[in-house]
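Some structures are shown below for you to check.
Each of the two complexes below includes subunit A, the first together with subunit B, the second together with subunit C.
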Partner chain A sequence: MFNIAAKRIIKEIKEVINGDQVEDAALKLELVNDNWMDLRGEFKGPPDTPYEGGAFKLEIKVPETYPFNPPKVRFMTNVWHPNVSSVTGAICLDILKDQWAAALTLRTVMLSIQSLLAAAEPNDPQDAVVATQYKENPELFAKTAKHWTNIYAGGPNHVWEFNRKVEVLIDMGIEEHKARVALSTNDWDIEKATEHLFS
Partner chain B sequence: MDHKIKNASEGIAPMGISALNETVLSNQPESRYECPVCLNWLRDPVITTCGHKFCKKCITSWNSGHCPIDNINLSMKVDIFPDNYTKREIQEQRMSCPFAAKGCSVKVTPLDLDSHISTCEYNQPEASHQSDITIPCSFKAVGCKETFDNQEDLNNHLHNDILTFAVAKMKQNNDMLLRYCMGNYIWKIDNFQARLDAMLKDHYKMLYSPGFYTSPNGYRFCVRLNISPQNPQCFALHVHLMKTEYDDCLDWPFNGRIAFSMINQYNPELTQRDTMMSNSSLIAFRKPTAEICLRGFGYTEYALVSDVIRNGFVKDDVLIVKVSIRCV
Partner chain C sequence: MAETSEAKASTSPPGGDAGGEEDKRDERMLECNICLDTARDAVVSMCGHLFCWPCLHQWLETRPSRQVCPVCKAAISRDKVIPLYGRGNTKQEDPRNKRTEPENTSAFPGFSFGDGFHMSFGIGAFPFGVFTSTFNFGDSRPSAAPRGTAQYDEEQFLSKIFLWVAILFVLWLVFA
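And then the complex of A and B:
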């Protein structure tokens, strides 16, 4: 009558809605249209990390062969993290690739991504620039991640110093997001960032 | 792409997910009878050497050489056995049809329930039994669109929902005030002492007023009050442009006169008045690119905190700042 994938997705949505984790991890999962292949997930940034207080949206594409193949998951919210591409939102996580197992569910996948934010794997990076900053200048990394959480994920912690630096580049006529990326990838050195943008 | 799989997914499209909902969720197995792959009742259960149960078909389709639960190596030939004990237990279960309330008395094994539901004679779309006579809400005249079948439902609605409606209506009125104030906005900051304490503790805390309009479809501004970053003895007071849906219809940069009055609530003669002209070369007056323009315009050292507290500007824990913005 229906294939396994569709049945599973319905049960999994219910599992997320009824799960104990709803309060703690604040998971959300919903269909984009009346179509089980296209979902949106959302979770709260883990506490005591630069992502705290942010709401992170995920695009989840379920293949017809689910659960025998993993769902395709990427961040729709811009995130500054060694294992997430700051450009495409692609996530480097073993269970989404070769370590996928049919008994994993969208709930466990979202919880794994949430814990990935709390415990980065800089030696298996998705974004090399972020990973380098994470290893060489952990304080600046944390501040940048907090700033991105504030700007893109609605986190409560402003980093005014970075807001001002972004404004300086905006004043030069650079688009806001571009300015933020250039500064973030150049350790917030305005001179280096402008050089990078205009070279 | 495997043809069988493709057909299956096309088959569900016309029915949509909501129809699927009811049948799938009415037939939820206990966890010990649930296959971790399809999340359904175990069909032809098998058990692995690592101690996990699956439908025979599910574990065969998985076929990765690893257990889907603990990733231990599994050989299809030697590590998987039929679990006839569980199979018998499931077959001994009987479930009522979800349409029992409509009169279906059929009881089947969990494995047969899905196929029964699809052929059950009681599985008919709900006949619409909407009553012809409906009672509108007593507050229809002010915009409540609810209708009710009987007086009791209406009474419940009046008790439970109408307060929410009234609050929403009031909020709407507030929004109207902001839109039709013609650039004259009176910002009453209540709980002022507590807010001030919070700002003194954390200089990055700032108070923002709601956005108000210079004309119904005009420029939208908000006011920001905070402790001056240059001089923590002083308040800074700025206006910020905010995005509106009709920004494209306005002239940019904004040109006009901005006047602040901080009201002295004990002696009106001591009310502090300041007027500034916009400066078209500043980012603050360009078309906003964010919900609130990052750049503001105003005074970084507007008034001494101690003056504001001691000299009659705060009364009943409320500070009042009047802002008047005119285009020129």
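And then the complex of A and C:
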């Protein structure tokens, strides 16, 4: 079957690869297993944010009714952000739901997700814990996001203080990612985090 | 140093083919904003955005409750688009009066015969009605061709063929 959706996806990939816009340089888009319904996207964390320098991977599922219905997009890279689930990578973004328009492309979707990282909307959260931290303790939030970017997205900025705290929990026999989640959700209080893990 | 200048050289476009670039841009001006192909049966919205009529029709059918331009989200409706007729297009038939058959959809459309009799087919989990193009065979369809002309006859003939295809399909569903 070679319908509008398949034709468009092929065109869209070409446009991203041959992109002449500056922002295209930071975008990647490719098929998984030569199947137009299943794609991987990647973009660079926006500058002057805790996500700077990270490379963020997206899983993109294209419905047969594309572009009349939106693609399903989620983060494959773990992200600490109010509008992204730290567990599933699900993204809360209006254009992926009721604000979808058929003239939007995977390129514009990726760019929108990139700017979502730069401008969170904590009042319409996907991850309530992260959103609370964002509102009540913005500095700690930014540090946590930077730490996650360093660990999961290959960002260059280490947060040594957090690395050491994760080490402490690992030494207690806790798996690394679990330890990081527990600490992040408990404002990096080791006592609270361990309590949380062993309760 | 050598490395950076080399990298720059390889990323800049080969040759100064400015004319080709311009041609490309001109072509993209006439692309449908939905299928991104050259617009066929082109219509333009009040907000100035170009579409194939079949593409726009399908967009309006997908969201009947929220009829907005797929590009700028201005209000849009079937009656407020302008068909474009280029030179060499001798028929100049309003695309909105044609049957809308998005050429690329492979799914079986729903069939409806006259008033009220409506069937749609599905096998297992795959609904054939995903693409919402509908053929209407009956008096309710505003026929573009007047009775007695060759086109009218041809349309009648096509309706019969589709009717038989539908019947065979039902039989196949029953006996397969």
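We adopt the following convention: the second predicted complex is superposed on the first by the 193 of 199 C-alpha atoms of A that agree within 3 Å, B and C clash if a C-alpha of one lies under 4 Å from a C-alpha of the other, contacts with A are read in each partner's own complex, and residues count from 1 in each chain.
Heads up, the rule we're going with is that a residue touches a chain if its C-beta (ideal position, glycine included) is under 8 Å from a C-beta of that chain, and two chains touch if they have at least 3 such contacts.
Predicted model only: the values in this text are computed from it and were never measured.
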item: Simultaneous placement of subunit C and subunit B on subunit A, clash or fit; value: clash
item: Which of subunit B and subunit C A:3 touches, first, second, both or neither; value: both
item: Per-residue contact with subunit A, leading partner among subunit C and subunit B; value: B
item: First (subunit B), second (subunit C), both or neither touched by A:88; value: neither
item: First (subunit B), second (subunit C), both or neither touched by A:31; value: first
item: First (subunit B), second (subunit C), both or neither touched by A:67; value: both
item: Touching partner for A:115 - first (subunit B), second (subunit C), both, neither; value: neither
item: First, second, both or neither for A:102, with subunit B first and subunit C second; value: both
item: Partner chain in contact with A:158 - subunit B first, subunit C second, else both or neither; value: first
item: On subunit A, the residue positions that both subunit B and subunit C contact, one per complex; value: 1-4, 7-8, 11-12, 64-65, 67-68, 101-104
item: Contacting residues of subunit B [partner subunit A, same complex]; value: 1-2, 5-6, 8-9, 11-12, 16-18, 20-21, 24-25, 28, 36-40, 58, 61-62, 66-69, 71, 114-115, 118, 204, 229, 283, 289-290, 294-295
item: Contacting residues of subunit A [partner subunit B, same complex]; value: 1-8, 10-12, 14, 31, 34-37, 64-65, 67-68, 99, 101-104, 158, 160, 163, 166-167, 170-171, 176
item: Interfacial residue positions of subunit C with respect to subunit A in the complex; value: 33-37, 49, 55, 58-59, 62, 66, 68-71, 73, 102, 104-106, 130-131
item: Subunit C-facing residues of subunit A, complex; value: 1-4, 7-8, 11-12, 64-65, 67-69, 98, 101-105
